[in-house]
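I am attaching a structure below and will ask some questions about it afterwards.
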Amino acid sequence: MIAHHLPILQIIIPLMSAPICLVLRHARIAWVLSLAVSWICLVISVSLLVKVLDGGAISYELGDWAAPWGIEYHIDTLNAFVLVIVTAVGAVVMLYAKASVEAEVPEERRYLFYTMLMLCLTGLLGITITGDAFNLFVFLEISSLSSYVLISMGRDRRALTAAYRYLILGTVGATFYIIGVGLMYMMTGTLNFADLATLIPSVADTRTIQVALGFLTVGLCLKLALFPLHMWLPNAYVYAPSAVTVFLASTATKVAVYALIRVIFTIFGAVDILDIVQVRNLLMTMAIIAMFFGSIVAIYQMNVKRMLAYSSIAQIGYMILGVSLDTLTGVAAGIIHLFNHAMMKGSLFMALGAVIYQIGSVHLDDMAGLGRKMPLTMAAFVVGGLSLIGVPLTVGFISKWYLIQAVLERGWWPIAIIIITTSLLAVIYVWRVVEIIYFRAPSGAAAVATEAPVSLVVPTWILIGATLYFGIDATTTLDVAIAAARALIGGGS
Amino acid sequence: MIFEFAAGAVIIAMCLVLYRAVKGPTVYDRILAVNTFGTLTVIIIAVHGFLVGRPKFLDLALVYALINFIGTIAISKFVAFSGLGYPSEDEEKGDI
Amino acid sequence: MELVGLLNYWIVIVLMMTGFYIVISHGNLVKKIVGLNVFQVSVFLLYITMGKVHGGTAPILEEGIALYSNPLPHVLILTAIVVGVATTALGLALVVRISDAYGTIEDDEIDAMENND
Amino acid sequence: MIILALMGFMAVIGIAMARIRDLFAVVILGGIFSLLGAAVYVILDAVDVGFTEAAVGAGISTVLLLGTLALTTSEEKVTPESRSLVSIVAVIVTGAVLVYGTLDMPRYGDPTAPINHHVAPRYLEKSGDEVGLPNVVTSVLASYRGYDTLGETFVIFTAAVGVLAILGRSRRQPKRKRMKARKG
Amino acid sequence: MVAVVDILSWACIVLGAGFCLIGALGLVRLPVVFARMHGAGIIDTLGVGLIFIGLMFHAGFSLILAKLILVLLFILFTSPTATHALARAALRGGVDPLATDPTEELPSPNSNKGAASSKT
Amino acid sequence: MSHLVILRIVSKFLIPFIFIFALYVQWHGDFGPGGGFQAGVIFSSGFILYALIFGVSLTRQAAPAWLTRAALAIGVLLYSGVGVAGMVMGGNFLSYSVLADEPTHGQHLGILLVELGVGITVAAAMITIFLTFAGKDR
């Protein structure tokens, strides 16, 4: 009974907890509720993944209306995996949020903060789980609107402008997406992903569908901050409250990447339209530029949060590169990098959040000597950084290894060299931070800093633990990623 | 036939009013033009209902008229007071 | 003359691009939001235009009427309108706060101030 | 014909909005734009949508924009030329792509278009028996695609809570500061 | 009988449409905002009124008639009120009711100095 | 603008009709254009008119912050509650047919409640948003 309703419970529990948070109007209760809900969500998503791995894709018809007429939830390995990523990060962030939010958000707005965080989580889960193109848009907007509000809650006044710019670009992206959906709908008469996948091949050579694909891609790339469309990302990450940065950095862009994968491989999977419109080559070019651009700009940043934000742009480049290869290994590498990047970026931003909590700044100069003052946090940062570089025994190594393997399978060795080069660039920017935090004498606020509170350090180390565990024993995640990739590449849904 | 004529006349009138709305020169001219334009839209909706032979949807015309009224009041108030409300100073209005 | 059937779409596209132009070219934060509204209304028009059927009427069932326009785009756009107004409200709230914090609502001036920060 | 005339008006207003720098006038023109849009929806048989657009676009949005202008300023500064050149290019490219995409579209009002043959007919033919309401839009909105509407309701909920979170005053805030701000 | 009703309805609609045009023309041609209000007034009363009365003849006795009367009543109530509010605002805003020259720029706090469009 | 007698009298006279019209739109949505969303907006426009003429603080007395906040939550909870009820009664989420003995009755009931939820939330949201804007000091 319950097992049958798991897909909708995944959404409806966090969704309904938001208005309850609002009426309760109490920060502490709201936090406890959100924490409970996010862990319940994690349990649900893990059981969904297990179920999908055992028994194949699950379909849930909302309102008991059959699929093309009603809205359908369709869960295959890929979205079950992304659901686990989102809920896992959500659950850990909730643990982390309490102390961090108390330091950064005024008392009377905290319950609103948790309401928004719940809505954001729901929106991302809703995007992931749905099998309907327009329903995806609705949940995209729930998550976007709440993330604009969350970002604007940062203490700096630049948080407001960051949120505003994100709002404008995000809305333009969403509008492009609905233009694309509209054009697809016009040519096929349906909005259901599976249905679209069967109907698109017959109209694939029309110019309308090609334009639709273009608009969908551009709209989603705005959301996932692929290189030329990344302008909103750095400021949004830097000025948002720490917990929000962690959450958005490790989930929002991932979910957008997921949506792009869904569009390219599920909806347009059965046709070779990708070759006609050159979307894949374009994506690959942009991904490579993003890798270079992000890494190089990151080197010159003095604000460590901004440095990591640019590194995120580079990492998104890796994911899109994997996806654009269109081979089993490539897509699997892209998918596994979704997971791995969520873990490592989450832990890195958490460590920085702890630094902000203790010394109020993440400027590189202010962080001098912190390695001795906050050993646990900084150790976490270093491990995360190593993973970002792709050192063996961390998750970063796994994804890069597979990515390079996928590139070599295609025989494109220059791209493999590019990947290695950008990893070396990552060494530079991570090393700059390591050097300053360990080999310089502390000054100013750092001189009197102490280790961050347990409630900040523990979640950080949970994610670091995941980084190491899945770096050493990657069989589980790899199996899932390869299964997901096989389902996608197999054509259709 | 007669409805087409009415619709045509109203559209020409709309054209003229639109000229006033775009041209200005003062804000008040624009507000006046907006108000009149709203009225003309109400007529167009009513006439169109008869034109296609399904004049059931006159509720819409009522909404248009209502919104038009509220909009004009809001704009006039904005111009007169540079604000929409009177937030009184000595009151506790916990909005959050 | 078979392109005449596309005239409506072309006008809609002109409208869309007007809105899009306002969004990306203007530095005033309020005007960007107005442009976003124009953009979205035009996209809604695209949907509604594609749902229209010649000779059809509003999709409210009645005896003696056989041909209705397509109801599904209407439903989608109802939802999208709500999303649009929600975005507008949030964006404007942000503009008010920005104006409080910076004393201006011009993008360029805000940029200049941020670079000084 | 009425549609083309109204859409033409909309285009004129849109261009005027892009060029006029008095934000107040822009907001007023925006109100007309929405009202016209609503009229076009009605003429294109989307009565429910016209209803909503009139109430929301022409009503609520305009009032909110006015409120914002009241709290900020109503004059726009000039935009640098270079920026508008880039924008014009971007806009023309996007528009050209869209026009290119229209070439293979089903023509306006074509009853044989795929959109009228796959999903929609079932709503028109069966909703009377399955749901039992004359207004098909309501049936689809609340029942067939009721989940979208749930999401929509949550979107507006998010917006309201978000506006509270961004703009709302706390009641614990000292009054004196506010009074001073108002007088100043 | 039917013919009489038809003719009445036609006459009303034609007259109403004519008044709409006259009002709109007045809105364009008259010099200042207070004078232009007269043009708007014609549309709001005679224009709408006659057209709606014409439509009522067409509708016959039905729910539609009731709705038409409601809309008409609503407009007849609100339009003068709105114009009144506008006139007050204009007066407060400093528009001189006696000004006759349309080209004369009238000082008012919100008059749009920037109406002259910029070449963007 | 509260000293303007004409405005005050006309709006006092109109506002009850606006509310009645909103209710009409709410319940008539099944048969003609309209429904919860439109009704909510019209309902809130009555409040907006009141606030424009009589000021924000008087309006806040009619719609206090706690009330609008509660209404915001109640509306969405009502909507999702109907969905959950469908689940409990043996259907999928948001399936109305199981709510009553006959599927169409269930559909009617479900749509009625759902539209009511939408109406409540939208009205509360619009009032909240407007009053937050209008009540903010410069």
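Order as written gives the chain letters A, B, C, D, E and F; numbering starts at 1 within each chain.
Operating definition for what follows: a residue touches a chain if its C-beta (ideal position, glycine included) is under 8 Å from a C-beta of that chain, and two chains touch if they have at least 3 such contacts.
Bear in mind that the values here come from a model prediction, so they are computed numbers and not experimental data.
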Problem - For chain D, the least number of touch steps when starting out from chain C - result: 1
Fill in the blank from the handout: The pair of chains with the most residue-pair contacts is C-D
Handout entry: CA centroid of chain D to CA centroid of chain E, Å
Key = 27
Completion exercise
Taking each chain's centre as the mean of its CA atoms, chain B sits from chain D at a distance in Å of 17
Completion exercise
Distance in whole angstrom between the CA centres of chain B and chain E is 11
Problem - Multi-partner residues of chain B (at least 2 other chains) - result: 14-15, 24, 27, 31, 56-57, 59-60, 62-63, 66-70, 73-74, 76-77, 79-80, 82-84, 87, 93-96
Fill in the blank from the handout: Going by residue number, chain E touches two or more other chains at 78, 81, 85, 88, 110, 112, 115, 120
Problem - chain F: positions in contact with at least two other chains - result: 1, 7, 11, 14, 25, 31-34, 37-38, 42, 45, 48, 69, 72-73, 76, 80, 83, 93-94, 96, 122, 129, 132-138
Completion exercise
chain F contacts chain A in the complex at 69-70, 72-74, 76-77, 80, 83-84, 86-87, 91-97
Completion exercise
The residues of chain D that touch chain C in their complex are 3-4, 7-8, 10-11, 14-15, 17-18, 23, 26-27, 30, 33-34, 37, 40-41, 44-49, 52-53, 56-57, 60-61, 64-65, 67-69, 71-73, 76-77, 79-80, 83-84, 87-88, 90-92, 94-95, 98-99, 102-103, 105-111, 113, 115-116, 119-120, 123-124, 127-128, 134-137, 140-141, 145, 148-149, 151-152, 155-156, 158-160, 162-163, 166-167
Handout entry: Touching residues (chain side chain C, partner chain D) in the complex
Key = 2, 5-22, 24-28, 30-31, 33-35, 37-38, 41, 44-45, 48-62, 67-79, 81-90, 92-97, 99, 104-106, 108-109
Practice task
Quick one: which bits of chain D touch chain F in the complex? Just the residue numbers, please.
Solution key: 47-48, 50-52, 55-56, 59-60, 63-64, 67-68, 70-71, 129-135, 137-139, 141-143, 146-147, 149-150, 152-154, 156-157, 159-161, 163-164, 167-169, 178, 181-182
Practice task
Sort out for me which residues of chain B touch chain C in the complex.
Solution key: 52, 54, 56-57
